[in-house]
Amino acid sequence: MKKTRFNDGMEQLKAIDGIGGENVIKSLEDISPDLGRFIVEFAFGDIYTRKSLNLPERELITITSLLTAGGCEAQLEVHINGALNVGVSAKKIIETFLQCIPYTGFPRVLNAVFVAKKIFHERSITV
Amino acid sequence: MKKTRFNDGMEQLKAIDGIGGENVIKSLEDISPDLGRFIVEFAFGDIYTRKSLNLPERELITITSLLTAGGCEAQLEVHINGALNVGVSAKKIIETFLQCIPYTGFPRVLNAVFVAKKIFHERSITV
Amino acid sequence: MKKTRFNDGMEQLKAIDGIGGENVIKSLEDISPDLGRFIVEFAFGDIYTRKSLNLPERELITITSLLTAGGCEAQLEVHINGALNVGVSAKKIIETFLQCIPYTGFPRVLNAVFVAKKIFHERSITV
Amino acid sequence: MKKTRFNDGMEQLKAIDGIGGENVIKSLEDISPDLGRFIVEFAFGDIYTRKSLNLPERELITITSLLTAGGCEAQLEVHINGALNVGVSAKKIIETFLQCIPYTGFPRVLNAVFVAKKIFHERSITV
Amino acid sequence: MKKTRFNDGMEQLKAIDGIGGENVIKSLEDISPDLGRFIVEFAFGDIYTRKSLNLPERELITITSLLTAGGCEAQLEVHINGALNVGVSAKKIIETFLQCIPYTGFPRVLNAVFVAKKIFHERSITV
Amino acid sequence: MKKTRFNDGMEQLKAIDGIGGENVIKSLEDISPDLGRFIVEFAFGDIYTRKSLNLPERELITITSLLTAGGCEAQLEVHINGALNVGVSAKKIIETFLQCIPYTGFPRVLNAVFVAKKIFHERSITV
């Protein structure tokens, strides 16, 4: 079967974000299916499939960007789970957040750490 | 000699940012030497010296956070140089910026890529 | 009766944001009535009453700015309703959000689309 | 000839941003040609070609988002020119910026107005 | 007993944020005790203990920065309480928020005022 | 003579920002005189004239908000001068910036300190 950007993207999305990512796409079906399609095709099909960075590195970059932007707690939840799913340890996730302190200050870091705390608790992970 | 947070930090700062980082600290001497000291002691002494992430990973996180925040071109210049100094390839730096597109949009990524372009040119680096 | 900035503003506020806007002003009465007055006089009396843009255009600009700023979900709720009230279609509201993807990335757009989804559901609107 | 996302995008890019947009893509050739390609394919090919909003409306949304994000003066320059190129009047561009005051405050609006002032001067446009 | 950065910081933290601040530090114990330590040592031990600004002035600056950053409602709650604890009047807190309108626009100010409204109600304070 | 919002505002603007502030208003005359009028009437006429905070306090709040927002170096220049003009010491301005470190991180603070350094040099002020 011919590989397409959409199929490539869905494969990545499932590998990284699992159920959480698929649920976001599904929740867009009745309001903006094109938005879901763009996320799959462009973000996951075009970007995540590229060489030069592996998936754990891509997820560290993603959670750093979401932490810094602020107000992206829902997306942080998806991608902290994503980071764990591709093999980043809970310890390394928290350390990534601490590395942001000098660049973002404490409030953004606290917000991200509390999202991680909730997820680690749900997945019974101890740091 | 007893290690101190300041000495630890200066060691890190030199390893990572080289002349560029030291120049920032020096340029603060007549306006706010304490700000320079906090950068050395806290950012470099307390944070960069920690385990769980290596320096190349810390620099990827740093340039991601600076790109996302926006308006930090001067600091991006220091830390793109820093990333190169600790062994991150030019290719990987650019790839880190591309990974941010879905999370920050194109303008922030363009701004960061143009800072990198200037630095790669100065250091005669081809991507 | 002599028209005043406050009266002009209240007229605009009612036309655009209906009950939602008036509730914001009322909820400020016991904490900062002057803040409510400034919103009515300046935002609605001075700005919304101007020529060169019609109300549907002003609301597209407003929801774009709120989406981009982030963390303004409460205000987005008021102004997505406002956009609908002055005749912007649900389809056009969603399309406005999609136009922001290249400039803000996906997370801000997703947050805005989910606010719209809730409002369209409450008002029984199908996109 | 089969239409592709890239060709569609280049057509839009030329119509909207003219020389300015093409120069951005060209300036990426030696540092990140893929970034240029993504801008053409995704931003212009996938998004700008869509229905439900016309080009003048898309440009009003774009300059609003860039103004609000801050630190995007280079991109504002491209898209204020773009807005003029697709028929938005100078007066309407300035009015769009004024509509943002209640949502972003004065500094972001001032920054955008001064970019517009420079462009209107270059193009000998009087507001 | 020899004073340390941590002890100095805890003293400040208790004086300013009381129970609210201590609860934040405690809630970090099982996820990132080092983050709690850095907040106490650096933010409260190094910064809040400095001369040239008194505590009420420091709290006005802090709530202004949190309002402007956006998405920091949890931290605003801690520091609006902190401002009250070090003797800033409710009236002055609200006035600080109003002073931000020209620089941040109304939405950020509204978000902060509604956090203050909740706190003043809890503490039975009338503005 | 009857006092008006515009006259009140011009009086404040001159007291605070002196030549710098008037120049901003003048530079808007040929592009958007209404923007200049809104700054004078609303920011300076309505807000700066209020009770509960004195001018030095208002300027500390303003420079904090501008530092935190980022990308507002032009406005920071006007208001660091403004702070000095209403009697805030250079030392207190720098201390205000240091108080922001825990909330904004170092880059925003560095950007603001370098604007202050330039101004203090121009005005031959030693910290």
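Order as written gives the chain letters A, B, C, D, E and F; numbering starts at 1 within each chain.
Here, a contact is a pair of C-beta atoms (placed from the backbone, for glycine too) under 8 Å apart; a residue touches a chain by one contact, two chains touch by 3 or more.
Molecules present, by chain and UniProt name: A, B, C, D, E, F = 4-carboxymuconolactone decarboxylase.
Given the structure is predicted, the values throughout are model-derived calculations rather than measurements.
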Neighbours of chain F that also touch chain B are A, C, D, E
Ranking D-E and B-D by C-beta pairs in contact puts on top B-D
Note, CA centroid farthest from chain A's centroid sits on chain F
Of all chains, the one whose CA centroid lies most distant from that of chain C is B
Per the C-alpha centroid definition, the whole-Å distance linking chain C and chain E comes out as 30
Per the C-alpha centroid definition, the whole-Å distance linking chain E and chain F comes out as 23
Taking each chain's centre as the mean of its CA atoms, chain A sits from chain F at a distance in Å of 40
By the touch definition above, chain F meets two or more other chains at residues 34, 38-39, 42-43, 50, 66, 69-72, 75, 98, 100-107
Listed in rising order, chain F residues that touch chain B in their complex are 70-71, 94, 97-98, 101, 105-111, 113-114, 116-117, 120, 127
So, in the complex, the side of chain E touching chain A is made of residues 24, 27-28, 30-32, 34-35, 38-39, 43, 66, 69-72, 74-75
Listed in rising order, chain B residues that touch chain E in their complex are 34, 38, 42, 46, 50
Contacts from chain D onto chain C in the complex sit at residues 39, 42-43, 47, 50-53, 57-58, 60-62, 64-69, 72, 75, 91-92, 95-96, 98-104
Within their complex, chain C touches chain B through residues 100-107
